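Note that the chains are named A, B, C, D and E in the order they appear, and that numbering of residues resets to 1 at the start of each chain.
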Amino acid sequence: MNQLLLILLFPLLLTVVSLFKGSAVSKWAFAASIVPLLFTIGLINKFVPDASTQFLIDLPWIPSMGIHFKLGVDGISMMMIILTNLLVPIIILASQKHKYSNPNAFYALIFFMQAGLLVVFTALDGFLFYIGWEAALIPIYFICALWGGENRIRVNLKFFIYTIAGSLIMLIAIIYLHLQTPDNSYDIASFYKLNLPANIQGWIFIAFFLAFAIKMPVFPFHTWQPDTYTEAPTAGTMLLSGIMLKMGIYGVIRWLIPVAPLGFSEWGQTAMILSIIGIVYASVIAFTQKDMKRLVAYSSIAHVGLISAAIFAWNVQGLQGAMIQMLNHGINVVGMFFVLDIIIRRTNTRDMTLMGGIAKVAPGLAIGFLILLLGSVGLPLTNGFIGEFLLLMGVYNYNIWYAAVAGLTIIFGAVYMLRMYQKIMFGELNERTSLFGDIDLTEKAVLLILCVLVIGIGIYPNPLLHISEASVINLIEQVNQKILVK
Amino acid sequence: MINLVWLVPLIPLIGFLINGLGRNFLPKNLVGAIASLAVLLSFGISLGIFFELNSSEVKSFTIPLFDWINAGSLTVPFSFLVDPLSSLMLLIVTGIGFLIHIYSIGYMHHDAGFAKFFAYLNLFIFFMLLLVLGSNYVIMFIGWEGVGLCSYLLIGFWFTNISYASAAKKAFVMNRIGDLGFLIAVFLIYTMFGSVEFSKIFPQAASMVSGDSTLILITALLFVGAIGKSAQIPLFTWLPDAMAGPTPVSALIHAATMVTAGIYMIARSNILFTLAPQTLEVVAVIGLATAILAATIALTQTDIKKVLAYSTVSQLGYMFLGLGVGAYTGAFFHVITHAFFKALLFLGAGSVIHAASNEQDMRHMGGLKKKLPVTFLTMMIGTIAIAGLPPFAGFFSKDEILAHVYEHNKVYWVIGVIGAMFTAFYMFRMMFLTFYGNFRGTSDQEHHLHESPKSMTIPLIILAVLSVIGGFIGVPEVLGGGHWLSKFLEPVFQASNNKMAGLTLDHSTEFVLMGVSVAAALAASMYAYIRYVKGAHVPVADTIARPAFSKISYNKYYIDEIYNAVFTRPLDALSGFFYKIVDKRGIDGLVNGLGAGANEASKGFRLIQSGNVGFYIFMMVAGIIALLVYGFYKI
Amino acid sequence: MNTLITLSILAIVVLYLGLFKAKKALLPVTMFGLAAALGLAVIEWNSNAVPIYSGMMLFDNFAVAFSSICIFSSMLILLVSKDYFERISEHVAEYYAIIIFALAGIVVMVSYHNLSMLFIGIEIMSLSLYILAGIRKKNFASNEAALKYFLMGAFSTGFLLFGITLLYGATGSFDLLEIKQYVISNPTIISPLFYGGLLLLIIGLGFKVGVAPFHFWAPDVYEGSPTLITAFMSTVVKTAGFAAFLRIFLICFAPLHDFWMPPLLVMTVATLFIGNITALYQHSFKRMLTYSSVSHAGYMMFAIIALGTASVNAVFVYATAYSIASIIAFAVLILVKRQTGSDSFDSFNGLAKRNPFMAFTLTVAMLSLAGIPLTAGFIGKFMMFSSALSEYHIWLIVLAVVNAVIGIFYYLRVVVAMYFKDAERSIVAESPFFKVVLALSAIITIILGIYPGVISNLF
Amino acid sequence: MENVTQAMQGVPLNHYILLSAIVFAIGVMGVLIRRNAIIIFMSVELMLNAVNLLLTAFSVHHNDASGQVFVFFIMALAAAEVAVGLAIIVMIYRNTHSTDIDVLNKLKW
Amino acid sequence: MSISLFYLIAFLSIFFSVMVIFSKNPIHSVLYLIITFFTFTIHYILLNAQFLAIVNFIVYMGAIMVLFLFLLMLLNLNEDSEPMKSNLLKIAGVIAGMSLLITLVGSLKSLHISDPVILQTQDLGLVKNLGKVLFSEFLLPFEVSSILLLVAMVGAVLLAKKDTKRI
C-alpha cells in the first residue's frame, strides 16, 4: 500500500473509531494520534529530498470532468505533513485537561480535520485541493462553535462564511483554469503548463489570493481571526493558528504563484505591501491588547504577514524561510496558546491586567513560556530566528525598504510579547494569581516537547531546510522562467 | 589549544544547563562552584589560546563546527574565528567574568534565586563568547541577541518589582531596535560580498574604493546595531535603567563586556568602516555627543549606580569617538582598561550597597572609608584610573584616543577634554560623597555597616591591580613604551591602517595634549574635593528645587519623558486607534456591515412578497411586459 | 412508456383500494407500484429509444434519468407519509392516487416529444398540485395556498398556451423535431411569432419552476401547503419542471441561444438574489426552505443559460442533490412540527442533544443545500459553476458566489439552533420509516459528495 | 356554410392575431383588476379562448388539423380546470364565506 | 360583406369581453362571457372549424358557463357584493393590460404574414378529419388527457365534498 495513502486514510479511520469509542477517548486519541506521526517518520525515511514528486497516487475520480484523486509529496508537501502530524498529537495532548462534553465527537472532528489538511497539503488536483480545503474547514467550524466561548455562534459564523466566501472565489478560478486546459484536466501540472494572457492571470491571482489571504489572514482580510481565536476552545485555536492558516501559505506557494506567474508579477507587489502593512498594523494593535488570546492572535497576523511577504518576494531564502517558519510558527503558536490556556484555566480570565507575579508561583511555566515567547520573537538559537532571518532576507532581496518596514516586527514583536510576559508573569501576586499552582506532569511534558523543538530547530535547522530546498528551488526556477519569457 | 576553542563557550553552557536544571536541589556552594569553575575553565583555555596565538605565525584561525543555515546560495556555517582581537576579548570576558562570578557568590548569597542567577550568568558568558568568537556576522548576531536576552533576564532578575521588569523590557526593546539595523546590514553585506563570513568579506572589502554608498549604508546600519547595544545616543536610556539588576550584573554586562560589543563589532569590521569615512564621522560625532551628554547627566546623579551607569555611557562614547577617528587600537585599548576599572567600580559600588543595606542613594551615605577600607581603596584606584590620571590604566587608553581626536578635529578634542574633566569631577564627587564626611543614613544602616566578605573583596583587589597595571600593555612610543597591544592587534587592523595615515603628531604635541588632559582631570578632582570634602556639600533632596542646569541634568534631560511622549504614547494611542477605530469600526465594521446590510436588505426585500395575489400577478405581468419589450427590441 | 402505464394503473388501483377501505395496503401497494415503475424506467436505460406514438414521446436516457429520480424521490417522500395523511382526512387513498397521477404527469413532462404532451403533462401535474395544496380543507393556510397556486397557475397556463400557439403559428407543428428543423433551416428569417412564442413559453415554464419574477407563488404556496406536499412540490415537481424546461431548450432552441440567454440571465440573477436575500430574514424554517427552493431554481437555471451537453448532467446532479437534501429537511421538519407545533428555527433548539441522528442528517442536508464540499450539493453547484463558466459567464458566477455565501448564513442557522442552542425538550419520536428515509438520504448525499462519478456522467 | 367560409378568405392572419391578443389582454386585465376569484377565473377562461381562436386560425392558415386538435385538448383542460378551480373556490367559500382573493392574505413575507 | 362580418363579430367579441371584466354583477359577467363565447363560436364557423364550433358551444357555453352560473347562484353571489379594488389599482391593471397588449403585438411587429387566411382543404375542421388526426397522431395525448380529467374529477370531489373529520 502506498505509504502516503496510509497516512491519509489513517486519520479517517481514527475519525470513525473515535466516534464509536467508548470511554477514555481522550487518552486513546492521543495514543492513536502518535501513529500518523510514526508513519510520517517512515515517510521521511523513504523520502528523497530532490525536486521530484514522490509517493504518487493517481486514481480516476470523476473521469468525465477530468478530476483525479491525485496526490503526491515533494519537499514542500513533506514539510507540511510533518507540521500537521507533529502538531496534532501535541494539540490532542494539550486538550487532555479539558473536560469537553461529548469528547468522541471532539476528537473525531480533529482527526477528520487532520485528514482534510493532509489532503490539502498533498493534493495535485485542483478539485481535490478544493475538497480538502473545505473538508478541513467544516470540522474546525464545529469544534469552535460547539466547544467555544460565549460569542462562539456569531463569531464562528462570521469565520465560516468569510473563509467560504474566499474559497468559493478560488473555486471559480480553479474551474476557470480547468476549462482552459487542453486536456480537460484539473491536474496541477496542466495548470502549470497553461500560458494564459497576463490580464487573465491577474484575475486568477486575485481570486486565489483572496482565498488564501482570508485564510492566513493578510490585512485587511483578518478581522475574523482575533475573534475566532479568542472564542475558540484551545484545541480549536491551536488547530486554526498552528496548522490551518498554513493552508493559505501553502496555497500561495503551490497554487497561487506557479499557476499565475504573470498575475504574480503584476499583483505580487500589492500583495506584498498588504502583507507588510499587516505586520506593522497587527503589531501595533497588539501593543495595547488586554486579552491575551487576542494579543497572540494579532501577533499571529503579524508573523504570518512576514511569511507571506517573504513568499511574494519569491526567492530561495524567502521561500525556505517560509517553509521552516510555517513549522516554527506552528510550534510556537501552539505552545503559546497552550500556555495561555493553562493560565486562563487557572485564573478564569483572559485579561492579563488582572494577573501578575505568576513566575513566582509557577517557575516551570515561566521558563516554558519564556522559551516559546523567545521563539516567537525570533531570538537566535530558537526556531523563530531561523525563520525570521531567512524571511527578512527574502524580503530584503526584493526591496530593502520593505525589509526595513517588515523588520519592525523584530522590535514590535519584542514589545508586545514582553509586555504580555511582564503583565502575566512579573510583578507582585494578587488574589487572583496567588493560588496559581505550578504546572503538572502532562503540562510539563507538552511544554518540554515544545521547548525542545523550539531550541532544537533553532540550533540545527539544516535537516529541515534540506527537505524542501530542492523543491523550492525548482518551483522558483519554473516561475521565473515564465515571468522572464514575457 | 586553538582547536579546542569550541570548549570555551561550551563549558559555560554546560554550567548553565547544570545549574538551570538543578536549581531546585543543588546546594548553593556547589552552584557557585560549578558556575565559577566553568568560567575559570574557559578562562584557562582562553589563556592557552592566547599564548598559542601569540607565538603562532598565522594570526587567524577559523574553526568550523557545522553548517547552520543553508538556503540556496546562502550558507551560514557555525564556525569560530580565533584571532588577536577575539582572543583578547575571550580573556576579558572569561577573566572578568570569572572574577564577577566569584564576587557574586558573596554578593548573592542571601538571594532566593541564587542558582538561577548563576545559571543566567553562565548563559550570558556563553552568548558573549559566541558573539566574540563567531566567524561570521550571523553567529555574531546570535551572541549579540543572546547577550541581550541575558541582560533582559538579569535586569529583571527581581521581577516582582514591576519597574525592574519594565527596565528589563526597555533594555531588550532598545537593543532590538539596534538589532534590526544589524540584521539589515548583514543582508546588505551578504548581497554585496556573497557571504557573511569575515574571512570572505574583509579581503574583498580591502580592495574596494573608499566612500562606496553601499558600504556607507552597511556601516551606518552596523553602527545602528552598535548604538543599541552600546547605549549611544539616541538609544542610551536603557543602560541607566538597567542598573535595576543585581550589581555584579551591572559590572559584568553593563560595563565590562556586553555594552562593549558594539565597539568590538566595529573594530572587527574596521575595514568596512575605514572605507566609509562618512560613517566614521557620524560615529565620532555620536560618540562625542554621547560622551559629553552622559557626563553632564552624571554630574548631578545621586544614585551611586546611576553615576556609574552614565559614566559607562560616557566612556562608551569615548570609545566610539576613538573608532570614529580611526583609533581602532585605542578604542579597543579603552575597552580593555574600561573593563578593568569599570568592573572594579561597579563591584565596589556593589560592596558599598551590600554594606549599606541596599542603600543606593549617595545622599544617605558618607564616611564609609573607615568601615570599608578595602572597598574604598580599590574604588579609589578605579576612580583615578577612570579619571585618566597617569600611570593608571585609563590614562593610556584615553590619551591614545584623544591624541587621535586631536589630529582629526581640534574641536572634538576640546569637547573630549571637557568631557574628561567632567568624568574626573563626577567620579571624585561620587567617591567623596560615599566615603568621606559623616554617615548620613539611618542608624540601623550604620550599625550594619561592614566590610564585604573575602569572595567579594578579592575580585576587587585583583581588578584594582589590573586597573593599575592594565595600561602598560599599550604604553605609547612617546612614553618610551612599545605599545604591545598595537603590535598584537596589527593583523586585525592592518588593512585599515594601510588605508589611513598613522598618527603624525610630534612628540611635543603629544606631551602637551597629555598634560592638558591630566591637568584638566586634576583640576576637576580638586574642585570636587573642595566642594564635597571641604565644603561637605550634599546634593539636595528631590523635593527641593534645583537650578536650571542642575535640574535638567538631574532629570537626564527629560529624555525618557520625551521618548515617552514621542514614541511610546503615540504608539499606544495609535494602537488604540487601529484597534478600536480602524479594525473594529472600519474593517470589521465593513465586514459586519455586509452581513447586516444583507439582513437589512432581507427585511426590506421580503416585503415584496406581500401575500396579495393581485400584486403577484401584477408583478408577473410587469415581468412579462419587460420580457416582451426585450423581444421587441431584439427581433 | 411502461412506467407511465404502470403509474396510471397504480393510481387507479390505489383509488380502488380506497374504495374498499383497504387502508393498510395503501402504502405498501404504492411503494411496490412505484418500485415497479422505477424498475421499468431504469431498464429502458440506453435502449436507444426513438420517438413513439407518432413522435409524441421519447423515452430516452434523459427521460429515464429524470423519471427515475422523480419516482425515487417520491418514494422517499411517501415513505415519510406514513400516518401523515391519516391526520388530515379519511380520504387517504385519493391523496396517494393524486400524487401518483402527478407523477404520471411528470413522466409525461420529462419524456415529451411534442408540445401537446408537454402541455398535458404540465397540466396533469399542476392540477394534481392545486388539489394537493388544498387538502387541509379547514386550514386557512392550505386554502390560501391552493387558491393562490390555482389562480396564478391558471393564469400562467394562459401564457404557456399562447406561447405554444405562436410557436405553432410560426412552425406549423407541435413536434419538437420539426420545430428544431424550422430553427435550423431558417436561421435568418425566423418569424417574430416564433420569438414571441419562445418568450411566452419561457414565462409559462418559468412559472412552473419558480423563476423570478414568476416565483411569487412559490413561497406562499410552499408555506401554506401541508409540509409533505411542500416536500413533493419543491423537489419532484421542481426537478420535473427543469427537465421539461431543459428538454425543449436543448432540442429546439439551442441555436437561438443569443436571443433567449440575456433575459434568462437577468431572471436567474434576480431569482438568486430574491431567493437568498429574502430567506435570510425568515423566522420559520419552512418558509426559509421555500425561499431556498426559489434560490436553487436560480442555480439550476445556470445549466440552461450555459446550454450544452453538460447541462443535462448538471441539472440532473443538482436536482438529485437538492431533492434528497430537501427531503431530509422536510422530513425532520414534519417531525419537529408535530412535536412543537411550530416550524420556526427556535423549535429546532437543542435537537442535537436528544436526537443526534436526526440532527446529524439535517446538518448533512443543510450543508448539502449550502453547497459545502463532501456533500452532493457541492457537486451540483460545482457542475453548475463549471457549465456557466464554460460559457464565460464570470459575473454570473461571481454573483452566484455572493449568493452562495448568503445561503450559508441561513442554512447554518438551523444547524446553530440544533447544536449550539439549548432548550428543554423531549425526544422527538422517529418512526422506522423516517429513520430509513433520513439515513438513506444522508448516505446518498454523502456518497454523491464523495464519489459523484456514479451519476455525474450519465449523459 | 360554404358561402360564409368562402367569404372569409379575405381576412388577414394578422387580424386574427390582433383579435386574439386583444381578447387575451382583456383577460389579463380582468385578472388584474378584479378581486372576485370567480371573475378572475372567468378572465382566465377568456384568455384560453383567445388562444383557442388563434390556434384555429393558425390551423387553417397552415392547413394543418393538429392545431384544432390542440384546441380540443385545451378545452379538456379548461373543463378540468374549472372543475378543480370551482371546487377550490367552494372549499374556501365554506371557510371564509367570501370569494374575495384578498381575504386570504396570511401567507406573506 | 363577409369580411366585414368578421370585423363585426370581432368587435362584439372585444366588446363583450370588456363587459365581462367591467360589469359589477358577477351574474352579468357570466352572461357576457357566454355571449363572448358565442361570438367565438361564430369565429370558428367562419374558419370552417365546425367541430370546434360545436364543441365550444356545448362544452363552454353549455357546461362550463353553466357551472359558473350555478356556482354563483349556489354561493349567492348574484348581487354586487364584490369589494372593488381601488381605482388606482384598476387603472394600473388596465394600463398593465394595455401595455401587455402593445408589447405582445409589438413584439410581433415585423410580422409579414399579412396574407389572408385561406382555407386550403374544405374539410379540415370537420369531425371526420379531426377524428383521424386525433386518433392516429394525437392518440397518446388523447389517452393521457383522460388522466387529466380523472384527476380533476377525483380532486373536485375531494375538495368540494364537506369533510366531516376535523383537522
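Keep this in mind: a contact is a pair of C-beta atoms (placed from the backbone, for glycine too) under 8 Å apart; a residue touches a chain by one contact, two chains touch by 3 or more.
The structure presented is a predicted model; accordingly, all values stated were derived computationally and were not measured.
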| item | value |
| --- | --- |
| Chains touching both chain B and chain C | A, D, E |
| Most centrally placed chain - per-chain CA mean versus overall CA mean | A |
| Per Cα centroids, the chain farthest from chain E | B |
| Of B-D and C-D, pair with higher C-beta contact tally | C-D |
| Chain A and chain E, separation of their C-alpha mean positions in angstrom | 71 |
| Rounded Å distance between chain B and chain E, as computed from the means of their C-alpha atoms | 102 |
| Interchain centroid distance [CA atoms averaged], chain A/chain B, Å | 37 |
| Between chain D and chain E, centroid-to-centroid distance (C-alpha), Å | 4 |
| Shared interface positions of chain D, touching two or more other chains | 17, 24, 27-28, 31-32, 35, 41, 61, 66, 69, 73, 77, 80-81, 84, 88-89, 91, 94, 101-102, 105-108 |
| Sequence positions of chain C contacting 2 or more other chains | 116, 120, 123, 127, 130-131, 134, 137-138, 146-148, 151, 155, 166, 192-193, 195-196, 199, 219-220, 409 |
| Junction residues of chain B - those touching two or more other chains | 595, 606, 609, 611, 613-614, 617-618, 621-622, 624, 628, 631, 635 |
| Pairs of chains in contact (touch as defined earlier), listed by label | A-B, A-C, B-C, B-D, B-E, C-D, C-E, D-E |
| Touch list for chain E against partner chain C, complex | 104, 107-111, 113, 136-141, 144-145, 147-148, 150-152, 154-155, 158-159, 163, 165-167 |
| Complex interface listing, chain C residues touching chain B | 147-148, 151-152, 155-156, 159, 192, 195-196, 199-200, 202-203, 207, 212-214, 216-217, 219-220, 259, 262-263, 274, 277-282, 406, 409 |
| Complex interface listing, chain E residues touching chain B | 85, 89, 92-93, 96-97, 99-100, 103-104, 106-107, 109-110 |
| For the chain A and chain B complex, residues of the former touching the latter | 158, 161-162, 220, 222-224, 281, 284-289, 315-317, 320-321, 356-357, 359-360, 374, 379-381, 385-386, 389-390, 392-393, 396-397, 400, 403-404, 407-408, 410-411, 414-415, 418-419, 422, 425-428, 460-462, 465-466, 469, 473 |
| Complex contact set, residues of chain B against chain D | 606-607, 609-614, 617-618, 621 |
